[in-house]
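Quick one: this structure, given as C-alpha cells, is what I'll be asking you about.
Letters A, B, C and D mark the chains as written, and numbering starts fresh at 1 in each.
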Amino acid sequence: MAGNFTRGIILEQRKEPALRRKLRTFLNANYAGMLFDSDLPYDGAALSGEQIIELAKLARIVDERDGVFLHEKLEKARQMKIEVVVGDAIDDEPYVSSQMNPLLFMQKETGEGLRLAAKAVGNPKIYFAIYKNLSDMDLKTKLPKDIDGVEIRRIHGRYPAEFRTMDDFDSDGPTVMIGVCSLIHLYRAVYEHRIQSTCFVTVAGGCVANPMNLEVSIGMTPTHLFERCGLAEDPGYVVIGGSMTGEICEDPDNYPVGTMSRAVLALRDEEKKRRYRCIGCGRCAEVCPENLTPFYINRYIELEKYQELAFYDIHRCIGCGTCSYICPAKIDIAENIKLAVAELRRRRRQKEGD
Amino acid sequence: MNTLIGLFTLLLTALVLENAIFSRALDVTALLVIPFGKKGIWLFGLILTGITATASLIAGILNPVMSSWENVQYLRPVVYIVVLAALYGVTCLVLNWRKKDWFHDYNTVLTMAFFNCAVYGAMALTVYSGFNWLESLVYGLGLGLSFLLAAFLLEQGRRCMGICNIPKAFRGLPAELVYVGLVSLSLYGLVGHQLAA
Amino acid sequence: MQPEQNSVKKNLRKELDLIFVKNPVLVTGLALAPAVVGGFTVKNGLGLSLVFGMVTIPVLVLASFLGMLSPKVPQYVRTIAYVVLAALMLIPARMLASGIAPNLFDSLGMYFSAMALNTVWLIRAPLCQEKKPQWALWEGVCQTLGVSVCILAVSAVRELLSYGTFWGNPTFLSVKFPAMAYAFGGFIVVGVTAAVLRWGIDRVHDIARLAQRQQQKWRVER
Amino acid sequence: MLQNEPKAPYVRNRDSAFTVMMDVVVALLPLYFMAFYFYGLRALMLGLASVAAAVISDLACVLLEGKRPYPRDISSVVTGMILPLMMSAATPYYVVVSASVFAIVLVKHVFGGVGQSAFNPAAAGFAFAAACWPSQVFSYPAPFSSPAPFGAITEGLASGPAWSLFQGGVPTNDILDLLLGKFLGPMGLTNILVLATCLFYLLFRGAIGWQAPAAFFGIMVVAMMLFPRIPESGPMSLVYESTAGMWIFGGIFMLNEPGTLPKRSSSRIAYGALAAIFTILFQRFGRVEQTFAFALLLTNVFGFTFDRYSERLLRRLRRVYLATRTKLSEKKSAQRA
C-alpha cells in the first residue's frame, strides 16, 4: 500500500463506457490476416526460447509500451538474466483503456502469450500489472484476481504510475515490462504464424457517441474510427495518444494510426482560452512526481535564460503533464518544458557542430 | 562584565539599528553601482570594516583632544579627512613596500574603501554619541559589518529580482533602490524614529 | 579652424549630457548617499549641492594640473592631494552655507561634510588627469549641475510629501506623509525619480528616432 | 500548430486563479462581518475605500505598462481587503487609501505585478502606514461605540492591550473578553476563534499549503510559552500575546501570500520558522506596537534563497541516493552471479 503516498494527482479516469464494452475488430479487408511462412510447429509447448524469439522477429511485433521490437526486447532480457516478466496493462491516463480492455476480454491469449514470453526469457516469475486509481468508484467492471492463472498485481497511488512500476517489482529482482497487446500478437505469431497487422485503440472523448475499444488494422485514420463509433457532435479537436500526453492531430483524414497511438480522442473545446498570469502559488512544485519545481523552470523559460535550466534539472522531466493539469493559471508548463528541452538539444548539437 | 555586555549591545545596535545603509544610507554607491565582480563585494566589505574600525578608533582618541580647540565645529571634519588621508598614505606605503602585486591589483578597491561616506560617518558619529576609544572602535566595527549585512541582503534581492518581470523603466538601479528602501522600511520597525544625522 | 570648432562643439555637447542623459546620481548612481537621506528639505538639498560644487570643481581642475606631473609620481600621492584639497574646501563651503541659511549646518549634520568624500570626484579625478584644465572645469560644472538638479528635485518632492511645505512656507498639500523624511522614504523617492527620468529619456529617444526616420523619408522623396 | 490551440494535458483541474483568490476573499469576509458587528458601518466603508483604491491603482499600473487589463485577476482586491483589517476602526480614510496605493504601486507593480513579487504588498502597506501615522493607526475606539462612518474621529480613542504588552505590563482585560475579541484592538483580527475557522477553511480548500503556517505557529507558541515578555506564567502570556497581537492574522493571510512564499515544502518550513524567529526578535526589541508586518518584510528577502538552497541540497541528496542504489543493485547482482 506504499503507493498511496506517491506524488502526483488524483484523476477521474472517465474510462467507464469503453472499458465495459466488448473488444470489437475493425479491420481493413485487403490485409486482415496475413501469415508468414515458417517451418516451425504451430504448437507453443514444443518451441524453445530462441525459436519463440525467431517467430516474434518474423512477425515483426512492436511493443506498444515503448515502440521497441519485441524480439529485441526478449533477446536483451535473455542476456541480462531477467527474473521477473510483467505484462503491462497500466492505463493511468483518463479515457484510455486500450491495454486493460484486451486483457479482460482476451484472457486466454494474454495469459498464454505471457507464458511464451517468459519461456523465451528463461522462465522467471510472471505478473500482470493493472493501475488501480484511488477514485475507484467509477470502475464498474470487477477486476478478477488472476488472468488465466497469472497473478495480477495492482499498482496503487496517483497518476503518473507508469514510470514507477519498475520500482514496485524491483524487490523481486531485475524486471522487464512487456505490453499486453504485444503479448496477444506473440500468441498469434506462435499459434497461427500471423504477422502483426493490427493494434488496439480506444476511441473515446466527449464528442464520441458510444466510446469503445477497437482492434484496428494499422494505417486506419481517425475519421474511419469516428465513423465506426459515431460522433455525437463535431469535435473541437482530435487527440492521438493519451489525454495527458497525447498530441493534437491537425489532419484527422490522413493521419495513420500506428502501434504506439494508444487512443484516438474527440474532445469538445469547452471553455474559451482564459488568459491568467502565474500567481506563484507553487502547486506545480507540490505535484511534480520527479520532485522538480516547474515554477522556476517556466519562469526561466519565459525569460529566455536557458543556462539556468540545468540547475533546475529540466532533463529529468518525464513529460507527464501534471504541472499543467494542476496550474490554476492554466499555463502550459509541460509544453514550455518540452519546447525548451528541444531548444537545449538543438543548441548543444549546434555547439558540437562548430 | 557589564561593559562587555554594553559593548556587545553597542555592536548589535551599530549592526542592525543604525545600519550604515538602511538607516543612514552612507555608502550606497559602492553597494549598488560599482561592479566589484562576483566575490569582490565581500573583499571590499572586509577592507571597509577594517578601515572604519581603525578610523573611528583614532577619532575616539582625538575627540577629547580636539574638544579644547576654539571653533572646533569648523575644524573637526577637516581634521578627520586629513587623518584619513594620512592613514591611506601609510597603508599605501606599507603595501607598496611589502606586497607590491596585491596592491597593484586592489588599488582601486582600496581607494574606494578609504574615501567613502561610511568611514567618515563612523568617525563623525563617535563625536555625536560621545564614545570613549573602546566604544568607538566597537561602533566602527559594527558599521563596517552592517555594510556586509546590507550587501548580503541585497544579494538575495538581486537573485529574486532576476526572475521577476520588472517593468522596463524600473530595471536595474531604480528597482534595487526601491528594494533597499523596503528593506530599510522593515528595519524601521526596530528603529522607530528618525536617526540623528 | 573648422575641425577645431567642431571638436569644441562636440565636446561641449558631450558634457551637457551629464545633466540629464547621464545624470551622475540617478543614472549612474554615484553621489547617492547624502542625496538619499540628507536632503529631506529643499534647504538641505541646496546646501548639499553647494558643498558638492565647492568640492568637486577644484578637485577636478587640480586633477588636470596634477596630470601634467611626471608619471614617476605614484597615483596614491595624487589621491592624497585631492583628498586634502577636498577637506580644505569644506571650510569656505561651510562659511557660504551659514551665509545662506543660519541653521543649515545643524540640520544636515554629518552629511554636510560627508559630501566632501563623494564618489563622483573619486572616480572622475584620475580620468580628468589627461584633460586640459578648461575641459576639466567644464566637466566639474556639468557634474555639479547634474547632481544639484537631482538633489533639488528629490528634496523638493520629499519636503512636499513629508512636511507639506516648500522652503519652509506651507503649500496646498493637506495630506502629509511624515515617513518620507526617513531613510526608506528617501530610497523610494530616489528610486522612483530615477525610473521616471529613464522613462522620460526613453520617450525622448523614441521621438528623436521617429523624427529622424521622418526626415530620411522626406529626403528620399525629394 | 495554431497559437490558441489547446496544449498537452487536455483535461484540466477545475480550480483557476480566480477561484484561488476567491477562496482568500471568502475567508476574509467573516472578519469583515465581525468588524461590522463591533464597529458598525465605518469598518465596511474603510474596507470598500481600500479595495477601490487598490483596484484603481492596479488598473492604472497595468495600463501604464501597456498590458491589457484583466478583469478576472483579483489579487489586488485581496491586498485591499487585508490592509484595513490590521488598522484601528478610527483610522482616517486617507491613511487607508494611501497605504493601499503604496502597497500596489510601489511594492507589487515595481517588482513585477501579480506573479513572483519580492515583498508582501499588504505587509509593506501596513508598515508604511505604521511608519507614517503611528497615532492614527494604533489608537482604537471602544468596540461597541459605533464611530461615525465618515469624517475623522478624534475623541474616545485609547490604546489597547497590545500597547500594555509593548510596554511590558500585564493587560487588565479579563480572559473571556480577550477570547471573544471584545477589547480595543485592530478592526478585524481580535477574535482568534474566527481566525482559526478561516485557517481551517483555507487549509481545507487547498488555497494555502500547511507547511509554512505549521512551522510559524509551532515556534511562536513554544516561544511565547517558554520566554514570556510580561511577568506572567507561560500559558497566560500565550493567551495575551495571541489575542492582542497581529501575528495570528499575519500567519494565516500574509505569510502565505502566493507570490512571496517559497515553492518547495522543505523551504516553506524554513521560511515559516525564520518568520517566527524574526517576529519574536522584533517583538522584543521593536519600537513599534505591532511589529509582525516589519518582521515579515525582512523574511520576504529570504524567500527565494530558501528555494535555491533546498534545490542545491536536493541535488546533492539525489546524487548520493543514486550512488547508493547503483552500489546496492551491483552488490545484489554480484550475489546472484
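Assume a contact is a pair of C-beta atoms (placed from the backbone, for glycine too) under 8 Å apart; a residue touches a chain by one contact, two chains touch by 3 or more.
Please read all numbers here as calculations on a predicted model, not as lab measurements.
K.L.:
If you tally the C-beta contacts, which comes out ahead, A-D or B-C?
P.N.:
Of A-D and B-C, it is B-C that has more C-beta pairs in contact.
K.L.:
For subunit A and subunit D, what's the span in angstrom between their mean Cα positions?
P.N.:
The computed centroid separation for subunit A versus subunit D comes out at 45 Å.
K.L.:
Measure off the straight-line distance from the CA centroid of subunit B to the CA centroid of subunit C, and report it in whole Å.
P.N.:
22
K.L.:
Measuring centre to centre with CA averages, how many angstrom lie between subunit A and subunit C?
P.N.:
Going by mean C-alpha positions, subunit A sits 68 Å from subunit C.
K.L.:
Between subunit B and subunit D, tell me the centre distance in angstrom, where each centre is the average of that chain's C-alpha atoms.
P.N.:
Those two chain centres are 34 Å apart.
K.L.:
For subunit D, jot down the residues that touch at least 2 other chains.
P.N.:
106, 110, 113, 115-117, 128, 131
K.L.:
Which residues of subunit A are in contact with two or more other chains?
P.N.:
296, 299, in rising order.
K.L.:
What are the residue numbers in subunit B that touch two or more other chains?
P.N.:
163, 165, 170, 174-175, 178, 182, 185, 188
K.L.:
Of all possible chain pairs, which ones touch?
P.N.:
Here the touching pairs of chains are A-B, A-D, B-C, B-D, C-D.
K.L.:
Please output the residues of subunit A touching subunit B within their complex, sorted ascending.
P.N.:
296, 299-300, 302-303, 305
K.L.:
What residues of subunit C sit close enough to touch subunit B in their complex?
P.N.:
Listed in rising order, the residues of subunit C that touch subunit B are 26-34, 36-38, 74-77, 79-80, 83-84, 86-88, 90-91, 94, 105, 107-114, 116-119, 122, 179, 181-188, 190-192, 194-196, 198-199, 202.
K.L.:
Report the residues of subunit B in contact with subunit D in the complex, numbered from low to high.
P.N.:
Its residues touching subunit D are 153, 156-157, 159-161, 163-167, 170, 174-175, 178-179, 182-183, 185-193.
K.L.:
Under the definition above, what is the set of subunit D residues touching subunit C in their complex?
P.N.:
94, 98, 106, 110, 128, 131-133
K.L.:
Which residues of subunit B touch subunit A once you look at their complex with the stated criterion?
P.N.:
Contacts found on subunit B: 162-163, 165.
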